[in-house]
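Paired with chain B in one complex and with chain C in the other, chain A is shared by the two complexes that follow.
So, the complex of A and B:
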């Protein structure tokens, strides 16, 4: 199966690979995985406590090219958004942007889950009430 | 003579009920007995229709035997028959959010850490270095995961007994519960099996 140019670009030049201090109050960490392919994805955000804007995002993904590209794109997209705005990102947006084939759609689902899990973790740390959209992911952890 | 399409369920091929605690040596004997009866050589002078039937039955029998003799594929097959197919990459959920594809949360940290170590090992190797302490860690991890795999296989057998007992009792609610448990166990098993494979690759075993 051929990867799209955008997937290859993110795969060869992944944005925001790395790690943030997990114990920091301003950092939210989401760790998710897909049993069908054995992928694991960690996505972290640093949130400005005043404005609730995501100022920094890092990821580390073990998985196929599409999983790496999906998480790389996810970090690019969440940066500069407020946490509530970031929760609006849908896996279908990622599918469209990266032109993922049907068999790789679960990679985009994983990236969306990772965003939600990271935001959920940050909210839990900071005692922010869960919106309905985020509750599902947190409850599943 | 019956048409080849009459039997599709692999359990039924051997005249077995849909139960999981199978005596595999009895299964093997049964397989050889049926193979002899169906063998295409016996139909060399039969009609074209009967020859085809013998071929079809033989190939069905082989598929059935291969699937049922292995504990994992047998369980996966039963779950599929019972309307709970185990996810595979080819049939991964498309479009909507999958309900059952979440990894066991308690395993993720472990999986992630191991992957970090594996990556470090591969990088070291690329640089022509071999870090003995890292190798030691990975060997320990391999032993640990192989142990977990063996434990899961034992646990699977207790689920089989629960399944068989629930089927005998006609307890639909209990069969549903056991199905869920087996499904979760196989998910976990797939993860660990992949880890063992990756560790073995990295260690050059």
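So, the complex of A and C:
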């Protein structure tokens, strides 16, 4: 399968790889996917408690090149957005940006899930009302 | 695009004499040997007769070439020339053998035994027969990929007419106990067909010592051309009958009609001859290279896993899982090396390899698997380069892998409630 240049770029130069302290009050962690399905994404955000702006985002992904690219892109996109703005990111936006073929759409869905899961985790920690989508959060560890 | 320091794709430069891309996918197909091409060339143009034309020199010449090839193929597997039927390839040979025997021996019984890691050409053919009233037993395999001969014994009934079990597997290179299977079948008057595609030309195969009644083989897996193969059909002790699946003209003793692919057949014959002449030295060379590849991985990486028996295995195959790294992402990082993966992402169906699943491996291990198929045109320098490259990319992808990080932190991944999607 031929990958788009953007997928190759994110694969070769993944943005924001790493880990944030998941016990921190200001950090939300989303761990989505499953090893037996061939992709697991962990996306973490650090949220400014005053402004609710996502100031830092980190990811690690086990998955194909498109899964790595989708999560790398997701960290780029959530940074600088408020949590409510970040919740507006749709998997279809990721598909478009990375020119993902139909068989790779699930990678973008997983990235959207990861964003929602991370935000859901942060909201839970901080007593912010849960949005409907955040119920998809996987109980990480 | 910039090449950042954390770029995943390996940018190791190949040593002098190593040309990119490197082909390590010789279980999928092989390069046609130049000596085979040379043998074939006259039959595209100068010698163009129809081997079935009995009344002029053009036909005689073509027929002579076909008969020479028939003898070359037969010799490689210890058969006689008359027992070789030329086909378009192993898929056709498997179809012809299984359907042809099932149909011919229908009055004797309706039960067929095969096993779960067969090639789809066997499995799908058996499934088709199930729709027309045959009963098929699919034997499981053990963790090493071999069938349990006791399972086979237990599965045999007085209705069993055919056992179809491959010699060597295309994904994991594991060699089944063919001799024991043949003996068991012949003791009970059951016919034994084997898909010999991966084994013939690579390891010694003798249809008499192994008591094989029908054997499928293919040209393009043994440095011959694509589009040509053969089916061995035993003529004595017992004389095996096969009902034809393609009608018209009665070529190949009525078992396979159609004008013979003289050029391809000449190539197949030559390919068989070369394999026979070079098997011993080539097998030693390839297994040494394969073992070196494996040793390099083992010395440099943790959490790796060989899939299938190392003891009962083709000399040129290595199937390894680099756990916590997804196969397709690994292939992407070594893009000038051709190998294949059992990962779902590399298959059209998005299902991980059914062969690896049959070994009882978790899907996560199948997703991480890479098949290395070495061949005649590979060198030790290539092995060194590929090993270094894989090690490099696996390490980089593990830095990206949340699973590897969690395992390193001592977290038991099986205790996590993953949301399957």
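To be clear about the criterion, the second predicted complex is superposed on the first by the 127 of 141 C-alpha atoms of A that agree within 3 Å, B and C clash if a C-alpha of one lies under 4 Å from a C-alpha of the other, contacts with A are read in each partner's own complex, and residues count from 1 in each chain.
The definition used in the following text is that a residue touches a chain if its C-beta (ideal position, glycine included) is under 8 Å from a C-beta of that chain, and two chains touch if they have at least 3 such contacts.
This structure is a prediction, so every number in the text was calculated from the model and none was measured.
After superposition on the shared chain, chain A has more residues touched by C, the comparison being chain B against chain C.
Touch criterion met: A:34 reaches chain B and chain C at once.
When the shared chain is aligned, chain B and chain C each come close enough to touch A:106. Of the two partner chains placed around the shared chain by superposition, chain C is the only one that A:68 touches, whereas chain B remains out of contact.
In the superposed model, A:91 makes contact with chain B only, not with chain C.
Residues 31-38, 40, 42, 60, 62, 103, 106, 109, 113, 140-141 of chain A touch chain B in one complex and chain C in the other. Here chain B touches chain A in the complex through residues 87-90, 92-95, 97-98, 101-105, 107-109, 111-112, 115-116, 119, 187-188, 190-191, 194-195, going by the rule given at the top.
Across the complex, chain C is touched by residues 3, 5, 8-9, 11-14, 17, 19, 31-42, 60-65, 67-68, 103, 106, 109-110, 113, 136, 138-141 of chain A. Of all the residues in chain C, the ones that touch chain A in their complex are 1-4, 6-9, 324-326, 328-329, 332-333, 343-345, 350, 352, 362-364, 367, 399-406, 411, 413, 416-421.
Within the complex, the chain A residues that touch chain B are 31-38, 40, 42, 60, 62, 91, 102-103, 105-106, 109, 113, 140-141.
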